[in-house]
Amino acid sequence: MTCSALPDVMLEPLVRLALMEDLGRAGDLTSDALIPAGHMWRAVLVARQDGVIAGLDLARLSFALVDPQTHFEPLVCDGQSVKAGASLAKVSGSTRALLTAERTALNFVSHLSGIATATRQMVDAVAPHKAKICCTRKTTPGLRLVEKYAVRAGGGSNHRFGLDDGILIKDNHIAALGDLRAAVLKAREAVGHMMKIEVEVDTLDQLTRILDLPVDAVLLDNMSPELLAQAVRLIGGRMVSEASGGVSLATVQAIAASGVDVISCGALTHSAAILDIGLDDRA
Amino acid sequence: MTCSALPDVMLEPLVRLALMEDLGRAGDLTSDALIPAGHMWRAVLVARQDGVIAGLDLARLSFALVDPQTHFEPLVCDGQSVKAGASLAKVSGSTRALLTAERTALNFVSHLSGIATATRQMVDAVAPHKAKICCTRKTTPGLRLVEKYAVRAGGGSNHRFGLDDGILIKDNHIAALGDLRAAVLKAREAVGHMMKIEVEVDTLDQLTRILDLPVDAVLLDNMSPELLAQAVRLIGGRMVSEASGGVSLATVQAIAASGVDVISCGALTHSAAILDIGLDDRA
Amino acid sequence: MTCSALPDVMLEPLVRLALMEDLGRAGDLTSDALIPAGHMWRAVLVARQDGVIAGLDLARLSFALVDPQTHFEPLVCDGQSVKAGASLAKVSGSTRALLTAERTALNFVSHLSGIATATRQMVDAVAPHKAKICCTRKTTPGLRLVEKYAVRAGGGSNHRFGLDDGILIKDNHIAALGDLRAAVLKAREAVGHMMKIEVEVDTLDQLTRILDLPVDAVLLDNMSPELLAQAVRLIGGRMVSEASGGVSLATVQAIAASGVDVISCGALTHSAAILDIGLDDRA
Amino acid sequence: MTCSALPDVMLEPLVRLALMEDLGRAGDLTSDALIPAGHMWRAVLVARQDGVIAGLDLARLSFALVDPQTHFEPLVCDGQSVKAGASLAKVSGSTRALLTAERTALNFVSHLSGIATATRQMVDAVAPHKAKICCTRKTTPGLRLVEKYAVRAGGGSNHRFGLDDGILIKDNHIAALGDLRAAVLKAREAVGHMMKIEVEVDTLDQLTRILDLPVDAVLLDNMSPELLAQAVRLIGGRMVSEASGGVSLATVQAIAASGVDVISCGALTHSAAILDIGLDDRA
Amino acid sequence: MTCSALPDVMLEPLVRLALMEDLGRAGDLTSDALIPAGHMWRAVLVARQDGVIAGLDLARLSFALVDPQTHFEPLVCDGQSVKAGASLAKVSGSTRALLTAERTALNFVSHLSGIATATRQMVDAVAPHKAKICCTRKTTPGLRLVEKYAVRAGGGSNHRFGLDDGILIKDNHIAALGDLRAAVLKAREAVGHMMKIEVEVDTLDQLTRILDLPVDAVLLDNMSPELLAQAVRLIGGRMVSEASGGVSLATVQAIAASGVDVISCGALTHSAAILDIGLDDRA
Amino acid sequence: MTCSALPDVMLEPLVRLALMEDLGRAGDLTSDALIPAGHMWRAVLVARQDGVIAGLDLARLSFALVDPQTHFEPLVCDGQSVKAGASLAKVSGSTRALLTAERTALNFVSHLSGIATATRQMVDAVAPHKAKICCTRKTTPGLRLVEKYAVRAGGGSNHRFGLDDGILIKDNHIAALGDLRAAVLKAREAVGHMMKIEVEVDTLDQLTRILDLPVDAVLLDNMSPELLAQAVRLIGGRMVSEASGGVSLATVQAIAASGVDVISCGALTHSAAILDIGLDDRA
């Protein structure tokens, strides 16, 4: 179980942005019209589906930024599996403030818990094997920071955070330069000693041509489990092997059985359905 | 077919945010290391699945903000249905710039086209009936502006954009005030003449108690198609009827057959899978 | 009496902007040079004119953002009428901090109280009639959020907050489309069920042509009280009637006597003089 | 006649803020629904009152940020006096874009022209005398930059831009320190050689006590014209004399006749009514 | 000894910017992986060189923004001289938070203390003379606010904060206008009574031509101490004399001996080495 | 010779920040007062010292953001060595705009060229050896992006960009966990396959204890060249060796001679003096 490790200073701009797009230019007209200013409420975040929780800090900040007097007490930690009906956090304070922040808080924690849940399902599916489940740069625009975090909360691993924290050489790069070997050496020369280099290959033939190059990892793109197994044998531990393409809950176990080190899957961040979470009265 | 109607000034902050989270603190290390500065490329955005396109302006801006010299020519309009393999837009310019902006551009247009496609599927499913398909405030944090737009591109309709552009009275509001009739009148008094008022009801009994009140719409929450049909008859055109809860491609036709005016569905924005779109070489 | 209903998260960016334009690149040179760091002060916001107060939260935030240790205690609520000499709020803390934030705090509350006061005068002037006093989109750039709020504090009502929360069809729109009836139906089709449609007309003739159309409100532009009264009779309650143009304290009562539902007035936000408010020593 | 001297980089953030508060989360719903995308318009900004123009660059930017393809041609310069009916600028381009930006453009130029006009009236009123008309820090929050500019466009002069570009010693400062002479010397020591020092006095008695101090200017607060004339004689050119308090069009000429160098007036920026300016079809 | 006089609202945006460039998209990976969440630490900021301290508020804010629960207690004030080994501030709290904020906090206080130290060295070097040491607009981009502050902490004085708070007429300006006298009078007319005017001259000949003009200060550019002494005699106290160009610790005493009022030196802000400061365990 | 590879979208926010702190609230008062609006100028950026150039794009953007009509033509590329007197770029356009942007443009390019120059001196000093010169996270707050770039332009290499793109285990981390071996394994497990792990050691004894651990690099802190040489032999190519501490132009050659792979030096970014660059008239 992983508890959140992102300081609020990283999350606050995103929560402010989300609150402002819901509050608009007049705030919560309904609550302001109908709820007396001093009316207090005690509520609880409840999971309506089984899943893995992520993003409770964003829920806490949503309430706190609308009203610092609200009290938020998490009952589970990010990364924890829960059953439908589980209480996730208690929140209390001004009824107006709670209703005003409710949708923003739920949108965050539902979205991130959806990603954590999808990740955990894949992680569990490959459990007998050594493969790590890994996300990609196919994230929802503006949310990479927290979506990558949700993948970690789900037990997954992160690939590059952006174009600037690792080298990944693909066909297009090689096409422009004409020579893979030259490309790898040029890249190694260009970046610092803390940067890793990964090369994408589509065939075993391509793979054999890079085996003696100083690359840290190889991305085996769209290969069948059988081809992947051959690739893993060819690599022989010289570099990290990553399978990519066509990864789903239906296929991931067979892919993992090939012996690859890492399986990356864009759908974890770009197509995970939310985990249904609601805010209920706490009598 | 709807062409984009959002001026760039509304989209630019979002595209800058998305680019910066991919460019980080050093930009595209791989392209900078391997692609000669003057190398040029011509590429094409291609749909890899059937679907409805939305967000081409965000793709255009992604390329333009990385390099104003890139040229982007849309071949379809937002809102248009395409088949797998269809060319969506031509883009040309510096290879470095195109590769640097590629993932951000694709993330936007894949995400929004996913929403437009999911919307269109529901719209088509209820075509024999009068019901409009409508989204909710359950949007991805930070993206409400463009996700609501994608729903429109898919042929759907928008519910409230935020807490400030309409009154929606739910159980919690009534609980705090104690009296539904008083709540409606108080809300009507509180807001301007351009604001509509909708009331959420769970039962026909609740519905009958609001039929003579000055409300513009009624949200029929989690009712079966049979109950919805009874509700529609009770309402008798006095207010807009909206069905909500349990809406999916499997259920939406039966719900529409009940005669409701509007069917709202959070999944359109919070759980739509992306439409797979890629950037291919254009020889 | 209305107490503020806008959460601080909506106001803070504006207060930071205002403070920064006064603090510049070196802060309060005079206070820093002359006031010992530990020197404490107790002061009081005082109205120097009769009027209606709005914006005390912005004053509170101005002091709090300069120094969270300052203490601010409101003595009246936004929306309350006060006489010249009335104490509005007590503030205490570091003398430096209070003097540094003083002008920003006063600029906010003077400006918004000026708007609330002008609004209340019109509201009182039409008291025997049913007409609501309403503001427009003619607001001071950057301040729409708080100016619309000040109108509410003064007892007025808000028209559209922006171009996106209601349809208002004017001559220019009809000119481009050629047909008013088509325009209304097209607009109704284009927007969601929570959006209202208003049409601007200049003559009774134009008015008669829209009476059977599904519009929610009609803006009667620059009509005399006599014409307005005829228009109200023609409308017969089918839609909300709004009078606009030439509205001032001198004319508003006659306009209201015509029986219109709403009277809108741009001057409330674009030309209201401030309410003079100062910060006095509190011995 | 002064033409604008503020580079766009200073104005753009303010125009973006103003546009965004009008465009909200869906843009111009009415124009998008009713105006065909390719429809073009030619319009003209027209003064509906006599006055002095300021802020045309902000109008130009409002149109340009909504659509860079719009064309804006100013026909007068900021600072120029115009008669009601005068054409101020031609603008042409997509009808949608022009209607979308219209209100923001007009709000800027009306507000700033209102300030320039009020300033010019005072400047003209004191023309026979040497006194300069000067604004204060009592500006509309967020708009100091452009309001101070509008005062210059109207022929007025600017007092301090903020707390950081000059020393102004008031009662409160002296009270905390106990000794005016010490205060002045301390301030002179504290700030750089490019900073001026002004001291506020309420009586001739106070004035006589600072006449031999190294101050650059003296603010004569709320003195009658007779007292001001005595003060000017006492000062004898040793420092700049500034009259403040109770300044209006009705009183300013008598104040100027006292011989003061500068007359400062908060109402120029905090209470000037707008100059009515509209956008008309240009056939 | 000067204690910080800049309110946090001025510093916070800069500290957030600096933290975010270090935290990136995943925060402190090392501390999060290795330090248990509840682990606490007590540490102390220690000077590793003799110098003058500036920027402790920025260090405090760095820790506070990462975790408001951290406790920061300054042991010296900004502007104080310390010896190598001196403890500057105690900080305690979560080990993770302290390690995460450490580098940002140290980068601020080292950089600003470097500037304060360089300033103090010059101030001390000219101590027998009346000359004030003054910085320029040659500051590190984005840091002018705090670098100018550090100069003050070091005992120096500030020249203009920007292009907008004083007139400085150089060759280029005169070249465009053709006539120095006209330039000075035009500038005096153009700006308010709180603005000072300084003119740059390269020769005694140029100097003699401005001596009867209403300028507040003269910048004597790149003159030898001998020429400076002649210039000071020519000026005869009519205006402030400022020496500029070729100022270093090696030359500043001779320059000061010429009798100039102000010596300005860009190197104070653009080329000062940091003062080495570290964070040590406090057992 | 390296030409800039950072897209403008990464640089623009920093240039806007720098311009705004110089333009303040009224822009360039001197140029606006003295230079006729239509006056044009042709100027050239000139190096006044020998050095390596970096940051020309920031200079170009400084001019372009003040006035898009200015023309900027670089004559050298970032990374190029130049002699004192060399022309770096031609710029032409409105005299006002050029003078307004001059200081900001020069501040950027002088600061970054100072860093590039200091880097190149170290790179040249170690030329006979294989060691790469590398910067640290000791950068000027807010400028890490461009300072790291300047190091690359100078021929240096970049260490981590922040806390999130690599693992660096120091004493404090180990102290909290109690066991180095456990720390390394825990870190490896915690981060993705594209992250490298480096461990800091102070003694050969510590070094021998990590030699069989899966770490990518070892930071040899404050060791003498003799100790470093022993360390390099012990490491035997199993991991990257980095020397740190006490690195200066005087010591770097001896350090490099020890055979280490990387030499990191904070002074490159935190204490490099600027390279003197000016803007001269181009007749």
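Letters A, B, C, D, E and F name the chains as they come in the text, with residue numbers starting at 1 for each one.
Just so it is clear, a contact is a pair of C-beta atoms (placed from the backbone, for glycine too) under 8 Å apart; a residue touches a chain by one contact, two chains touch by 3 or more.
This structure is a prediction, so every number in the text was calculated from the model and none was measured.
Participant: In contact with chain B and with chain E at once: which chains are those? Just list them.
Facilitator: Where chain B and chain E share a partner, that partner set is A, C, D, F.
Participant: Average the CA atoms of each chain to get its centre, and name the chain whose centre is farthest from that of chain B.
Facilitator: The most remote chain is E.
Participant: If chain C and chain F share one sequence, what is the angle of the rotation that overlays their CA atoms, in steps of 5 degrees?
Facilitator: 180
Participant: If more than half of the interface residue numbers appear on both sides, call it same; otherwise different. Which is it for chain B and chain D?
Facilitator: different
Participant: Can you spot which option in B-D, E-F or B-E is basically B-F again, with over half of the contact pairs the same by residue number?
Facilitator: The same interface as B-F is formed by B-D.
Participant: For chain F, which other chain has the most distant CA centre?
Facilitator: C
Participant: In angstrom, rounded to a whole number, how far apart do the mean CA points of chain A and chain C lie?
Facilitator: 43
Participant: Could you give the separation in Å between the centres of chain A and chain F, each centre being the mean of its C-alpha atoms?
Facilitator: Here the centre of chain F sits 32 Å away from the centre of chain A.
Participant: Give, as an integer number of Å, the spacing between the C-alpha centres of chain D and chain A.
Facilitator: Result: the chain centres lie 51 Å from each other.
Participant: What residues in chain B touch two or more of the other chains?
Facilitator: Each of 21, 23-28, 32, 100, 144-145, 158, 161-162, 164-166, 191, 195 in chain B touches at least two other chains.
Participant: Chain contact graph: line, ring, star, complete or other?
Facilitator: Its topology is that of a complete graph.
Participant: Residues of chain C touching chain B in their complex?
Facilitator: Per the stated touch rule, the residues are 132, 134, 157-161, 164-166, 191-196, 198, 216-217, 240, 242, 261-262.
Participant: Which bits of chain C are touching chain D when the two form their complex?
Facilitator: 14-15, 17-18, 21-36, 39, 41, 58, 95, 99-100, 103-104, 106-108, 110-111, 114, 137-145, 161-170, 172-177, 183, 186-187, 189-191, 195, 267, 270-274, 281
Participant: For a test of understanding, state which residues of chain E touch chain A in their complex under the given definition.
Facilitator: Residue positions touching the partner: 16, 19-20, 23-28, 32, 37, 65-67, 96-97, 100.
Participant: Which stretch or stretches of chain E touch chain B in the complex?
Facilitator: 21, 24-25
Participant: Can you list the chain D residues touching chain F in their complex?
Facilitator: For chain D paired with chain F, touching residues are 3, 5-7, 9-10, 144-145, 148-149, 158, 161-162, 165.
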